[in-house]
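Take a look at the structures listed below.
There are two complexes below, and they share chain A, which is joined by chain B in the first and by chain C in the second.
The block that comes next holds the complex of A and B.
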């Protein structure tokens, strides 16, 4: 089912939790609402679910406005962060609850529950247990089964993985993505975890202050952040972002980083950079390291090393600023070592003083 | 593998914690002096013929005679019936019934309206008993004093003292209006403590408000319901002050006399002036036993063990 949000707003008193949101979610798409806490992503989800009524704006499912419909009439299934499994019912009754309310015949319910339990890989023997007797992963499967049992056309997931331990989260991440592709069900997932968003979503809507900052594929958000917020939010460790200034001396144009050191780029770049003051962003993996001095390389010193296993995160001091670089673990350096760094112009991001991306 | 807390994981050497005794001492001392000793003395007293005429020294130990007298008395059955009628009607209609209704109602309307409703229902409880009882006796009196008969007169009700005409209805109303607020407060806080996720999940699952109340909220506040039911049964069993202040067991002979009032009348306020401490004590012991029986029945009915099942820790 296609979902369209049109100028959707939700105000709580003076707080604009969701502020004129426009968003189209395609049929069968897996969309992730990503953002820091308080950005309005969960409010947006609850609006789509019909649990909140919008202050302004409309929500369409397909071509129909659903604003006036209560949650039960919207054909949605939902998984909550806490799973919200009814503690006084056993697993079977929890999954069967939506069907019981629809007053379906007993044998039909029985069949549907067992089928969906099998689909989410929930052991038959667990059906008689109480939710409190299940592990986090099993509870998650029950919550998914309950959301899917009445065959909804939209699946809403509110931080479904955040209560799981790291290992289980990895397993369920892949599994939910697999389930979604198998069913082809339009799915919206809310998360604050960018890794979850990058790995699971077909597209990501990054939210901040009730507005969508950037909507795009994980690849677009990572490689072409349209503003400073996206650039700083997406990526771990985050992008190095510097307050910069364009200057010119006898050797030609340069960019002065944090009033501290100069980086030289090809002349043609500077024809596109109109403003003198700007922000330069570069991801840690694009800051290249050399152990020998050479022309155009910037001298620095290893401040601290953080081995991550597969690679090493270097904190490098250049002048009086610190920047991060990711290097292969085979590069053996230690605190205090002198090194030289280089910024690859192809991987530099430029933002104007309002934080908007400057297209190069 | 499931392990229960305290299954020998991380054993600690047993050491007497003297701090514990120090801090518990005041409470323990109070409970011993004002609860255990009186209960014990009452129990002993119930085997004597102590009364105003014997005084505190001239009494004799008479064994189970007081208890036999209770069993033989022609009034025992009447008073027992009165007590059960009083306790269970007030309990089900008001102390649990109205309390639940008020708690659910006041949490489903706007926050401020809810607070207003709850405050209104707290007024009888914070009114001094004598004032409250007097208000009711005036309220139910015949014209020209009684407000209620005047309101009812357009509907063809002739002026009469309503309290004495329908004593049970008013005994239950008088106690119920006070009693409902306790459960109301407990249930309200229990309902407000239910994480909103459950309610939202039920809405998405397709439940109507009534279905949410019946299938989600009520099962989730079973423990407070058990607590209020048990606690209020016991407090109703032993309460008699509003009956004393309004009908005093009347009108007529023992019409609204309940067990606790009967014990009071015998032990402390006898018509003949010779108050029977020993007999009253036996009546009280009987009441305690009745209370214990009800408590056990409740724990069974509500499946108390399941309510406090131990948490499981996954290893």
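The block that comes next holds the complex of A and C.
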């Protein structure tokens, strides 16, 4: 089912939790609402679920406005952060609950519950247990089964992985994505974890202060951040972002980073950069390292190394600023070593003083 | 686990000393109800005579036999009274507690404040007012009238307690049930009520006990003998200034206590819930 949000707003008193949101979610798409806590992503989800009523704006499912429909009439399945299983019912009754309310015949319910339990890989023997006797991962599967059992046309997931331990999270991440693709069900996932968003979503809507900052594929968000917020939010370790100034001396144009050191770029670039004050962003993996001095390289010193296993995160002191660089594990450097860095112009992002991306 | 102090016999001895007066009083009550005569704590001769009230009506010289109902009528009245209060209180407190905990309506905060004020209001000051209201409604001298009065006085505390229990249930569960296909009302009785069952049990036991032990309201608002409760009956036994049959009084007293003792034994863990289970404001 296609979902369309049109000028959707939700105000709590003076706080605009969701502020004139416009968003189209395509049929069968896996969309992730990503953002820091308090950005309005969960509120948006609850609006779509019908658990909140919008202050302004409309929500369409297909071509129909559903604003007036209560949650039970919207044809949605939902998984909550805390799983929200009913502690006083056993697992079978939990999964069967939506069907019981629809007054389906007993044998039909029985069949549907066992089928969906199998689908989410829930052991048959667990059906008789109480939710309290299950592990986090199993509870998660029960919650998924309960959301899917009535065959909803939209699946809403509210931080479904945040209560799982790291290993299980990795497993469930892949599993939910697989499940969604198998069912082809329109899915909206809310998360504050960018890795989750990048790995699971077909598209990501990055939210901040009740507004969508950027909507796009994971690739677009990572490689072409539209503003400083996206640039800083997506990516771990985060992008190096510097307050910069364009200057010119006898050798030509340069960019002065944090009033500290100069970086020289090809002349063509400066024809496109009109503003004198701007922000320069570069991801840690695009800061190249050299152990020998040469022309145009910027001298620095290793401040501290953080081995990550597959690669090493270097904190490098250049002038009076610190920047991060990811280097292969094979590069053996240690604190205090002198090194030289270079910024690859193809991977530099430029933002104007309002934080908007400057297209190069 | 570490044991922080409180070892050895000293704390136990201290506790026994503190409890001694209570133990002595109850001991005296039990012994006396089976004794022909008591001198201090010492019984002279054993008898079941004091318990004959279970079979026949005790008579007083100022009454004819027809005027006094037997003990079973009083017991029945007391049960009706206690259960009546419990049922009404639970019904109102679970609905009101839910509303105050979960629904956003005008005047919610003031209602909450009002219940606290009412809770701390000494009910004795309302006696005259209640009397007028009961008379006006034609409920004076009727058990039902007193039940209503008692319920209304029980409500602030009960609502507050139930609100606490509802507060402790996560919103997610309620939202899940709304998404799964329940209306708000259905969510209330299919999901929320089972989840606050410990609270309902605790409040039931508590309310039942307070009804069973209630004296003032039945005494004042039900002058008629046939609608009176055990506590009032017990008092009437000691009303005679010239001769009080302490054997009978203690026997009736013990009889009156039996349900409470039983209830305490079997329901103390539910009662504890009132103090431990989610009474956060």
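To be clear about the criterion, the second predicted complex is superposed on the first by the 360 of 360 C-alpha atoms of A that agree within 3 Å, B and C clash if a C-alpha of one lies under 4 Å from a C-alpha of the other, contacts with A are read in each partner's own complex, and residues count from 1 in each chain.
We adopt the following convention: a residue touches a chain if its C-beta (ideal position, glycine included) is under 8 Å from a C-beta of that chain, and two chains touch if they have at least 3 such contacts.
Worth saying up front: this structure is predicted, and the values here are computed from it rather than measured.
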item: Chain C versus chain B on the shared chain A, clash or fit after superposition; value: clash
item: Which of chain B and chain C A:135 touches, first, second, both or neither; value: first
item: Partner chain in contact with A:97 - chain B first, chain C second, else both or neither; value: both
item: Partner chain(s) touched by A:54 [first = chain B, second = chain C, both, neither]; value: neither
item: Contacts of A:88 with chain B and chain C, given as first, second, both or neither; value: both
item: Residues of chain A at both interfaces, chain B in one complex, chain C in the other; value: 46, 49, 51, 70-72, 76-78, 80-82, 84, 86-88, 97-98, 101-102, 146-147, 150
item: In the complex with chain A, residue positions of chain C that touch it; value: 170, 172-173, 175-183, 186, 191, 194-195, 197
item: Sites on chain B touched by chain A in the complex; value: 195, 197-198, 200-207, 211, 215-216, 219-220, 222, 309, 311-312, 314
item: Parts of chain A lying in touch with chain C, wherever the complex brings them together; value: 46, 49, 51, 70-72, 76-78, 80-88, 97-98, 101-102, 146-147, 150
item: Chain A - residues contacting chain B, complex; value: 46, 49, 51, 70-72, 76-78, 80-82, 84, 86-89, 97-98, 101-102, 132-133, 135, 146-147, 150
